[in-house]
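In the two complexes below, chain A is the common chain; its partner is chain B in one and chain C in the other.
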Partner chain A sequence: MLWRRRLGNFTANRRGIVALVLFVLVALISLAAPLIANDRPLLLAYRGQIYAPVIEDIPESRFGADFLPTEADYANPQVRGAILAHGWMIWPPIPYSYDSIVWNAGASAPAPPSGRDWLGTDEVSRDVLARVIYGLRLALLFGFTLSIAASVIGILAGAVQGFYGGLVDLLFQRFIEIWSGMPQLFLLIILASIIAPNFWILLIFLLLFSWMSLTGVVRAEFLRARKLDYVRAAQALGVRDSRIMFRHILPNAMIATLTFLPFILSGSVTLLASLDFLGFGMPPGAPSLGELVGEARNNLQAPWLGATAFIVLGGLLLLLVFIGEAVRDAFDPRRGR
Partner chain B sequence: MSPPVLLQAHDLHKHFTIGRRGLSRQILRAVNGVSLTLYQGETLGLVGESGCGKSTLGRCLTRLYDITSGSVHLDGQNITHASDAAMRPLRARMQMVFQDPYASLNPRRRVRELVAEPLIVHKRGSRSEIRERVARLIDQVGLLPDHLERFPHEFSGGQRQRIGIARALALNPQLIVADEPVSALDVSVQAQIVNLLMDLQDQLGLTYLFIAHDLGIVRQIATRVAVMYLGGIVETGPTDLIFTRPAHHYTKALISAVPVPDPRQIDTHQRIILSGDLPSPMNPPSGCRFHPRCAAASDLCRQVEPKLTRQTDGRETACHHPIDQ
Partner chain C sequence: MVRLIITRLSTSIVSLIILITLVFFMVHATPGGPAYSILGVKATAKAIAAMNLKLGLAVPLPRQYAVWWWHLLQGRLGYSYQVNQPVALLIRVYMLNTLALYLSAIVLGTILSIIVGLIQGVYYDRLAGRIIGGLQLIFYALPSFFVGTILILIFAVQFRWFPTGGISDLRIENPGIFVYISHLTLPVLTVAIVSIAGLSRYFGQTVREELTKEYVRTAAAKGVAFPRILFGHVLRNALRPLVTILGLSFPYIFAGSIVVESVFSYPGLGWLLWQSALGQDYPVISAIVLLIGVLTILGNLLADIVNGLLDPRERFD
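Up next, the complex of A and B:
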């Protein structure tokens, strides 16, 4: 009943539902990135046999005796000609992956948008559209993983803190105050000078600090709930603390948590983009939106870079904020029924 | 010969620390030296004004609160400082019914889950056995089988309290501490719940500690009464004796405040109106805690705290100048 009302509230919010549909669309496209932008054909037939190069590596020597037994380079005109002489190829809509070099762009890199490179190429002559699609995938995967992991840790910490209260709460609260005062960026710069950060190292490092965003809300909810009669009743029944916390209180605290999730997600995406912009994020060459912003800054004569970066990053964050607002309003009990 | 002792508290104290000003702390003595015995099969009515520490005492006895000092024995076993793990099996023998049936049931769980929870937690039987037991309990407290799949907010206050009672009965406890179980309910519903509790006592041989401020209901259900004032017990004894011939001045004033149902008696009924408010338990009066409001107070009362002493008629009274019988 309650959930139906909330769902009704959510669907009644035009902007929220449009944002959600667009976001799901973007997410699906980016998750399917290898099928949409790839430097290998989706399917090819050669001498009566069907291959799917997207999922399998095929040695180049398969297509002619005078090629080397290395992985086939389908962009090579000679290989292409050899395959087409005895079969056919189906290419994805964008025949470039995020790291494939566009040859013969017609102009020096970065090349302006053309019929072949719809958003032009970047400063090392890679197709911008392909990089944007892969970049979105990376941003969303990173954002979701970080948000979910941070929420789980934040909820656990807030639950323990609020449920036990007293001295535990006092000490924990002081720890959070100190910990949140750590200069995250400087630590990351130091870290980047010691090891090259990759997806997981960066994730774990950012997790060290981002779990605190939910702790306060959950702590407040548990502080309130632990004095409620039904929690006392459960204690009188001999229910274990952990069961009380997660079966009795948490479901009632989930609302506050859920409404925060889209905002945490957009925060994570922004964080990754800004780190990449500064050069302390993903390893060089990885498709990232932040790196695109950086290239746009270095190549002001190529405005398509800046425009793309702005629209993609801004659009994504806007969608997330719209969804977040709609979710928050849907859960607001003061809103209509 | 009196029946065996089920629960015994000796010189129980529960102090709360209220706020801090610099280094000094304010201490609230909610329960201040209570000794109490509960015999098997009886109903002990615990009465007193709001704020006198009745509920705190109930929660100390069930170890929902940590005890500051003193001791509690359940069936001869010392549970004063038993750990959570040690308490868990004992909790099955000692259950609580709470005052507010709106707050004591988790709004997100169905009746079936609420009543089954103690059985699951204490691993009483298989799934199907628990299902059967829940159905029996629901029937026992006068609810219908189709109520099982509903949520608490779909019930009236009286029905909710029945759910709370079913949950308390699930583990076959010996003792039920009922903390003002009817004071949140309508008068007509109060009688139903009290009757249900009395029927269950007959069927199951339960022992009740019945906490209430409504003396009429206590007189109906209790076999013995303990009167509490400002954290201490001032008088205890058989219900009839206490109600007809109170020996403590506070008990007498309390009983005189019960409305008289027969208008013809109003003229002969003498109401004692106590002067002043309940003193703050943070700063209790010296000597007898009741002396500032007592008509019979003497210098002795102001200086020496009276001890609960057994009288010839079986009651115990803490008063230097008890009312002559």
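Up next, the complex of A and C:
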């Protein structure tokens, strides 16, 4: 009954529904990135044998005695000719991966959009559309992982704080006050300049500070709930503390946390993009939306880079904010029949 | 009240000590150490040893930590590796630029937020209010380096009304104030837009809430003209929480400076930090981080105390 009302509130917000549908679409497309934009064909038939180069490495020598037994470069016209002479290839819609150089772009890098590179090429002549799709995938994967990890830690911390109260709560509060008072971005930059990050190291770095976003809400909920009769009854019955916390109180606390999740996600995406823009995030070569904005900034003569970055990154963040607002309104107890 | 001040003060002091210690360990934990940063990868072992001695790095770590504190308390911040200038001097120069940028942006942003918020509060359910709400949402979602880049692409590249970055034109002999103003415009606009998105949203909601209160209805029933109700009463009441918000967000200004300044290559403190981080210039990095950290912590302390003074409910935890 409660769910119906909340779901009703959510669906009533048309902006939120449209945003959610678009977001899911974008997420699915980006997750399928290796099938949509890749520098290897999806399926390949040669002399009657069928291969799937997308998932396996095939040595070039398979296609002719002249070739070396190195990994096949399917962009090479000789390799292509050798394959097509005795078989066929099915290519993904975009024949570039995020790191494949476009050798014959027709103009100096960055090249404007053309028939082959629909969004043009970037500074080092990589296809922008391919980088955008992989970049979305990276941003979403990183964002979700960071959000989930930060939420789990934050909820645990808030639960412990709120449930036990007293000295535990006080010490924890002081710690959070101090830790959240640190200049986070600056410390992250120093850390990133000491240890060059990859996906996982960056995740750990950002996790150091992002976990604090949910603790306040969860703590408040647990502080409130521990005074209620059903909790005291459970304690009197001898139920273990952890069971009370996670089986009984937590589901009520989840309501408030759910409303924060889209904002945590958009915050994570923004943070990653900011670090990438400054050059301290993902290693060079990784497909990153923030890095695309950086390239747009450094190549003002190539406005298609800026336009692409604007639409993609801006669009993604906008969708997340719309969804977040809709979720928050849905759970608002003051609305609905 | 006094108890609040004491607890907040003690937390702040502990925060400061932790921050200073953190920065010390991060800076001295660099692989290879500062000697490598200065002399380069091809330096001989003898040169590295000599440099380490000169930099005071040959002594055991706890002693370095004590020396670090001793220097800090004297105000000796060291010399930059990249430009070989005293760090204190660098900071003083670049700090002025950052202050010029941010003070202008705050003033502009606050004034515009109040205007926009007023309009939004009054016309909340009408078209104007919704358009403003939509724009606020859009700019709230976009990060600041984004807004900055777009502004450059539109106003500096397309229309050529403003320069694309920097603080002044090196080709001009004696740049007057107008050169500086034209260079300042886009960065100030960027910071102002981002802050308006957040501030005016809050202010608009506050105004709207105020307008639903009883005293407004009473005044209208008494026959007071609407503008007078708005500016004489509602505005004053709505401004009070705004001041608190402003005060609370003041410390975070510097955090945003690094991004905006890097977009415009604006020679301020954030830009200096960025360049130093790229070049592994640790004396400058640690000095700036410490400065920002101290300002942030002090700013938080001040905001908490002011908040406690204004709102008695905030005096207890």
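To be clear about the criterion, the second predicted complex is superposed on the first by the 337 of 337 C-alpha atoms of A that agree within 3 Å, B and C clash if a C-alpha of one lies under 4 Å from a C-alpha of the other, contacts with A are read in each partner's own complex, and residues count from 1 in each chain.
FYI, a contact is a pair of C-beta atoms (placed from the backbone, for glycine too) under 8 Å apart; a residue touches a chain by one contact, two chains touch by 3 or more.
Keep in mind the model is a prediction, meaning the values are calculated, not measured.
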item	value
Room on chain A for both chain B and chain C (clash or fit)	fit
Touching partner for A:303 - first (chain B), second (chain C), both, neither	second
Where the C-alpha centre of chain A sits as vertex, the angle toward chain B and chain C in the overlay (nearest 10 degrees)	80
First (chain B), second (chain C), both or neither touched by A:252	first
First (chain B), second (chain C), both or neither touched by A:99	neither
First, second, both or neither for A:235, with chain B first and chain C second	first
Which of chain B and chain C A:191 touches, first, second, both or neither	second
Dominant toucher of chain A (residue count), chain B or chain C	C
Chain B and chain C, minimum CA distance [Å, superposed model]	7
Set of chain A residues, in rising order, touched by both chain B and chain C	none
Of chain C, residues touching chain A in the complex	11-12, 14-15, 18-19, 22-23, 26-27, 29-31, 137-138, 140-143, 145-146, 149-150, 152-153, 156-158, 164, 254-255, 258-259, 262-263, 273-274, 277-278, 280, 285, 288-289, 292-293, 296-297, 300, 317
Contacting residues of chain A [partner chain B, same complex]	228-230, 232-241, 243, 248, 251-252
In the complex, chain B residues that touch chain A	59, 62, 64, 84, 87-89, 91-92, 95-96, 98-100, 103-108, 117-118, 121-122, 164, 167, 171
Contact set on chain A toward chain C in their complex	173-174, 177-178, 181-187, 189-194, 266, 270, 273-274, 277-280, 293, 296-297, 300-301, 303, 306, 309-310, 313-314, 317-318, 320-322, 325
